[in-house]
Amino acid sequence: MIEVRFGKQLPNLLLDIDFSAPSQGLTALFGRSGSGKTSIVQAIAGGLKPDSGRIAIGDRVFFDKAGGIDLDIHRRNIGYVFQDSRLFPHLTVRNNLLFGYKRAPGEHRFDLGTVVNLLDISSLLDRRPHHLSGGERQRVAIGRALLAQPTLLLMDEPLSSLDPPRKSELLSYIEGVRDELQVPILYISHAFNEVVRLADQLVIVDAGRVVLCGPLMDVASDTTVAPLIGRFDAGSIIECTVATHDNDVELSTLGFSGGQLRVPRVDLAIGTRVRVRIRSRDVAISLSRPMDVSITNRLPGTLLSLTPRDGPYVDAHIDVGGATVRALITRESSGRLGLEPGLKVWALIKTVAFDSRSVGFIRRARSTTSPLE
Amino acid sequence: MLTPLEIEALSLSLRVAAVASLACLLPAVGVAWLLARTRMPGKTVLNVLVHAPLVLPPVVIGYLLLLLFGVKGPIGHWLYEIFGWRLVFTSGGAILAAAVMAFPLMVRAIRLSLDAVDQGLVFAARSLGASRADAFLTVTIPLMLPGILAGLMMAFAASLGEFGATITFASNVEGQTRTLPLAIYTATQVPGGEAAALRLVLIAVGLALLALVLSEVAERWARRTVYGT
Amino acid sequence: MVRLVLLWTVVLIQAAFLTLPASGQAPREITVFAAASLTNALQEVGEAFAKAGEARVKFSFASSSTLAKQIEAGADAQLFLSADEAWMDYLDTRGLVAAGTRRAILGNRLVLVVPADKPVQVEIKAGSNWLSSLSAGRIATGDPAHVPVGKYAQQALTNLGVWAGVEPRLARADNVRNALVLVERGEAVAGIVYGTDAAVSKQVMVAGMFPESAHDAISYPVALLRPHDQGGARAFYTFLSSPGARAIFTRHGFAIR
């Protein structure tokens, strides 16, 4: 169990943090800029000294104000992946990678070969950071942190300085790290799509406080945090299984508890479990099943709730066979249709709304135990 | 082509400058670190002392050295009693005078390069398990290399041209302390020595140009080694 | 921007005017270049001259060699007092000496000094092993290549037959006062300076006197310098031979010629 509990007065923010994360899988720390996310990571890594509290991973205590413990940065054994990679310019990629490896005490769980293959950086080993692209640099940075044999991997917005094609490329690699290596990851981001794709647990931070903490599905669909996620990023997350592929029309079918979703072809094996995010702005509501309309995904369900939002909008929660689909529609339309909770409605989602950029397809590893517990 | 006297002055100058600048190196790094990275009390005093040779007339510095390191001075007396070392009249004295005058230049250059080292990289090194000292040696110092080289070259060049402190402290002894500047001065004092003085001046100019070229080469090499550019 | 450049130019011109000598005015100041060994005595003479209602005298003391070279290069001096005839000859042959003004006015003795805390007494003459009474170490004097006291020293040591042995251990100073300082500070175990210099310093004592036969007579010639010969300077030139001045010189140990 990763325990993070501390207080700290910063120049323009009072931090009052209390959350815990499991010792396996990826926990995302999500919040807007200035919410305090980076300060939390700094406190865990040892770069920021809290005024009070306790930070520990399992029985390794890093900070305990009451007990007078404050481990030095270099003793915390935490792998830190920086937003700006921070590779050492005077060393080759290989020597960058081995920097922490050489200094890690005890048995080395992760070795150079494994990490290099996982991150596809074998061709870069003798180059200097100066000659690498942004994506390559981040992969090396992740490798370097891993080879330091960390008990926790901290990733501080590792994708924010990359352009979109690099971002999704790197996301795949991070998924690989999450699934193949047994090291808990704390992932900081202000981009919700990254969270959706990677996280098992989600911690939402706002104005120096933890607003909500828990499994991704629970937290993401909680109505109170919707404003924090941003009106146009909010949506629902549904767990599906890849059912079929139609190569001639380049579409795939995903099945879930409430029916099927038709999406652009995904490159995953049949039977793979995935998490699909549906942005509420992409969902329309109909009182009956429309027949002569181009929208393919027409899901029958029951209207659960209607919550007014700022502006002309209303946030509707629809129960579709056990899964919740959210729709963002205008108040006017809601009135025109006479919507009220309990009504049988149809959720309409365009296949086009699902694209690799805005929707997260994720691959789930089957391993469930962590040697760290 | 060169007379024995000229060769002697030249080689003495090179030797004194080389030893003086190398001797300054470690202390300069230490002082630069103290001034840039610590909050020690008395930092202002240290700063003033270190920069005094830049501000005071060289002859004054030479005289102060005489008071301290002459055989009747507090430090010089001790050196003579314990080790039998004399600094006045010896190349050791010339080296000390050159080193003291060049020291502030080296400290400034090194401090600039120290300040330029990205502290984020140091934090990264520490997060990877490096202690403060380890990170200083394996990350900060290598990244300072171009600046250290620049400081070294500057100290070398300054030592080549040092006159006032040398002649006041170490005196003007042929073969021991008569570096090129002192040799030129002596030649100008002797009747009919103008021709000899001119020759020595040309040698000095040639040396300075050579030092300039070498320092360019060294700095480019350092940049390539450190940054790979 | 233009105003800044204008302001800077004005300041620069003002500064230049301050440093350049004003021409066409009668100088209230006389500049005298004199050998270093005359420092204490001449300063007193200068004060006496000023107190007698005459102009102020400005001195520059250094080795006669240094001063002669400066005068040759155009230094603004009215009077030159050398510690040997050779450097006065140097200026004379270059036409820088005012005709008929050259006169030898003072004399001095050459002495061997040692640091006062390590006293030694020797008799300096040919054959006596006086050098062995000195500790191992350097003997300071002016550079025989150009400084008068050094030239006298080399002459004396040669005539005493010990020059070959002493030459390697010479500490060659730029002027006689620097040589004195080296002995005062104990850096040199002994020094060859003028008797008047030894009298000035309490940190050295005279170990012995060089026989006057061993070297050319130490003679201090004075002369008015040609391009800058002016009324006030002549007054000081004459004052140097006055009874008052002579009394000062004698008190400092100079011989009157």
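Quick notes
Going by the order they are written in, the chains are A, B and C; count residues from 1 in each one.
Here is the rule we use: a residue touches a chain if its C-beta (ideal position, glycine included) is under 8 Å from a C-beta of that chain, and two chains touch if they have at least 3 such contacts.
Just so we're clear, the structure is a prediction, and the values are computed from it rather than from any experiment.
Here the chain at the heart of the shown protein, by mean C-alpha position, is B.
Ranking every chain by how far its Cα centroid lies from the centroid of chain C, the top place goes to A. Taking each chain's centre as the mean of its C-alpha atoms, chain B lies 35 Å from chain C. Inter-chain spacing, taken between the CA centroids of chain A and chain B, is 56 Å. As a whole-number value, the distance joining the C-alpha centres of chain A and chain C reads 89 Å. Listing the residues of chain B that touch chain A in their complex gives 118, 120-121, 123-132, 134-135, 138-139, 142-143, 145, 225-229.
Residue ranges on chain B touching chain C, taken from their complex, read 66, 70-72, 86, 88-89, 167, 171-174, 186, 188-191.
Taken together, the chain C residues at the contact with chain B in this complex read 63, 65-66, 69, 90, 138, 143, 145-146, 171-174, 182, 185-187. Chain contact summary for the complex, chain A toward chain B: residues 45-47, 72-74, 76-80, 82, 84, 86, 88-90, 99-100, 103-104, 128-131, 144-145, 148.
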